[in-house]
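Each structure below appears as structure tokens.
What follows is a pair of complexes built around subunit A, which joins subunit B in one and subunit C in the other.
Presenting the complex of A and B:
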């Protein structure tokens, strides 16, 4: 059977299952990335304006999370999360083993990891802001929330787009590791297909092509977003 | 906890071996790719571009699976070529995947370094009559290496972390042992802390080594050593300390 007929979208092909799995990959990566944006934003805020202790904690968070393999962090959330939930369940009632879903553990792990990277992206983007604009906003009497909404957030996002694009690519590739939890995303689905048809090369090749398509389209999207966001900025 | 730590340390030699071999071999492949990319010959240039695009656009784990499990589909052909012994071993497959993957990233780092060399310096060297070899040895390579070093340091750290993926194809390096211990004892947090500490120490050493090298290679960016001045006896005697 050729790779193409193996991947057909009909009832006897694996195409549809692979596309659905690609959707799962996209959703686990997006959930993780969005969680990471929230964490990254908060951590960047702490780094920029927190007290000495909070700043040290934020720095430790980024250093540690960037120095430990992603796979180990996914194991921590998957196995550690199950152990934690089981012990809580043991306190509340009859107990027994409570497992964390692969999706939740994976998205949380990706969120925590990409949060570490995103905090650096946001911090860098904030330092690229023109000090004068913040002073101007203060001098016209804007309160902090308004200043954040009108002056800081739009410009930080603008400068952060290229960095966020890189972090998104990382999140997407990390999502392949979530397959170790048994979540049927693209790589896991390929392994299932490879196992039942004994054509592993065709399946992993198809997975590679789908990943390549996703990364290509998303890097194009980020480039478009960047040129749109930078439309009012003079290039030197 | 101490016992866990010692058990995890048994995986350290394999982690180090995988990192060292893939970084070294990857550098060689990367240099070849960067040369192709800058050769000006369209066929070589496009090959290198396509290589970088594919290896940077897909997850490393997919590349590992494609080599380790995927090539099994061509077992008779590989056996005929006497290559099956190589592709049957998870160690060689992991090493091959890590090498090919890092080569893609490093070739771009090398290219960036080479392109950062100011044109004027190259022209000046040519005007002095330097041969191409001397030009590379004295001007281009020192400047390019200095430029590329921080990015290359990051890539080495990524590789230290990437060797953990070899555990998925049964290699018992630090993460592999950690996974085995977690599924035996379910003490995920304790094992995570020990394994994490090993990787953090490893990456700390790499970071420091790169920083030391960077410091050594950029004497022109440091302040000139301040010559020791003889203190005026009147002033020095007035100071208590």
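Presenting the complex of A and C:
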């Protein structure tokens, strides 16, 4: 059977299942990335303006998360989360193994990892701001929240976009590791298809094409966002 | 000089140190409504620091600042340094005191027009349409209305500084502070900014101008204050202080800057 007919969208093809799996990949990566943005923003803020203890904790977080293999972190969240849920369930009634959903564990793990990288992206972007523009905002009487919303956040985002694009690609590729939890995302679906049809190359080739399609479209999107955000900046 | 009404700004015995360096060593200065005061002094004399204390971009260690009779409340912070006692008072006062910076400091992500309407809309909460109409009139006044949809990075230094002046004027300030407004400009662009400042002075605006432009100090300002090592060394109308300086240091300064 040819790759194309294997991947047909009809009832006897695997195309639809692969597309759905690509959707799951996209969802778990997006949820993780967005969680990472929230975590990264908070951690960057702590690093920039927190007290000594908070700053040390934030530094420890980025050091640890960037120093442990991503796969290990996914295992820790999946089995750690399941153990926690099981012990809670054990308190409530007769014991047994309660698993966390692969999606939740995966998105959380990706979020925590991505947050460590994004905090550095945001911190770097903030330090690139022109202090004088912040003074100008103070000098017209902007209070802190207004200044953050109108002057700081748009400019931090502007400088952060290229770095965020890189982190997004990492998140997307990390999502393949979530297949170890049994979540049927793109890589897992390919393995299932490969096993049942004995056509592994066709399935993994199709998966590669789909991953590439997602990254191509998203890096185009990030480039568009960057050129829009940098419209006020002179190219040198 | 006797002041009949409340001074636009009143500075009493202002002191400020950075580490072990004492920059302001007890400065007192009253500016009457409508006065244009040129603040001269060599670098390190404390003139910029004094200006920055007036709108609390620097917090003085000691002394008192009053804007239009309202004293800015200070207190000792936990670390022993002074800090504003009331942030919202500082924000309110800042919205009445406009600052023009040496390096323009226009917001780079906003167009010229957006820079001018930003604070009137979001700080003063005035209607957008009214702010835009006023902003366009101000940009016409400083001669860059045709650049209103440009980003600051695409303007010359002189145009950026004129935009920054329009941004300051849009707040309808009671007092305008200029911190070496022409020092970052190429020589051929200084004139266009000074012309705008001169027209503001002629409108009777209250202005404190830290500058090295002796021509402006001599011809436009109503009063000249010379600072030396954090103290007021000479103070008077330009006609008097330039022709008959009482301070030998000011005499030397004039001879070095003619």
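What we mean here is this: the second predicted complex is superposed on the first by the 233 of 236 C-alpha atoms of A that agree within 3 Å, B and C clash if a C-alpha of one lies under 4 Å from a C-alpha of the other, contacts with A are read in each partner's own complex, and residues count from 1 in each chain.
We take it that a contact is a pair of C-beta atoms (placed from the backbone, for glycine too) under 8 Å apart; a residue touches a chain by one contact, two chains touch by 3 or more.
Not measured: the values here are computed from a predicted model.
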Open item on the list: In the superposed model built on subunit A, check whether subunit B and subunit C fit or clash.
Closed with: fit
Open item on the list: Looking at A:33 after the superposition, I want to know if it touches subunit B, subunit C, both of them or none. Which is it: first, second, both, neither?
Closed with: neither
- [ ] Decide which partner touches more residues of subunit A, taking subunit B and subunit C as the two options.
- [x] B
TODO: Answer with first, second, both or neither: which of subunit B and subunit C does A:133 touch in the superposed model?
DONE: second
Task: Arrangement angle, subunit B at one end, subunit C at the other, subunit A at the vertex (C-alpha, nearest 10°) - done: 100
Task: Partner chain(s) touched by A:158 [first = subunit B, second = subunit C, both, neither] - done: second
- [ ] Using the touch definition from the top, say if A:122 reaches subunit B (first), subunit C (second), both or neither.
- [x] neither
TODO: Name the contact category of A:142: first (subunit B only), second (subunit C only), both, or neither.
DONE: second
- [ ] State whether A:14 touches subunit B only (first), subunit C only (second), both chains, or neither.
- [x] neither
Open item on the list: Contacts for A:212 in the overlay, against subunit B (first) and subunit C (second): which applies, first, second, both or neither?
Closed with: first
- [ ] Classify the contacts of A:202 with the two partner chains as first (subunit B alone), second (subunit C alone), both, or neither.
- [x] first
TODO: Scan A:168 for contacts with subunit B and subunit C and give back first, second, both or neither.
DONE: neither
TODO: Using only C-alpha atoms, work out how near subunit B sits to subunit C after the chain A superposition, in angstrom.
DONE: 22
TODO: Overlap the subunit B and subunit C contact sets on subunit A and report the shared residues.
DONE: none
TODO: Report the residues of subunit A in contact with subunit B in the complex, numbered from low to high.
DONE: 63-64, 66-73, 75-76, 79-80, 83, 172-177, 179-180, 187, 190-191, 194, 198-205, 207-208, 211-212, 215-216
Task: Residues of subunit B that touch subunit A when the two form their complex - done: 53-54, 57-63, 65-66, 69-74, 157, 161-165, 167-168, 175, 178-179, 182-183, 186-189, 192, 195-196, 199-200, 203-204
Task: Complex contacts: residues of subunit C adjacent to subunit A - done: 55, 57, 87-88, 91-99, 101, 103-111, 118-119, 122-123, 151-154, 164, 167, 171
TODO: In the complex, go through subunit A and note every residue touching subunit C.
DONE: 130, 132-133, 135-143, 146, 150-151, 154-155, 158, 229, 231-234
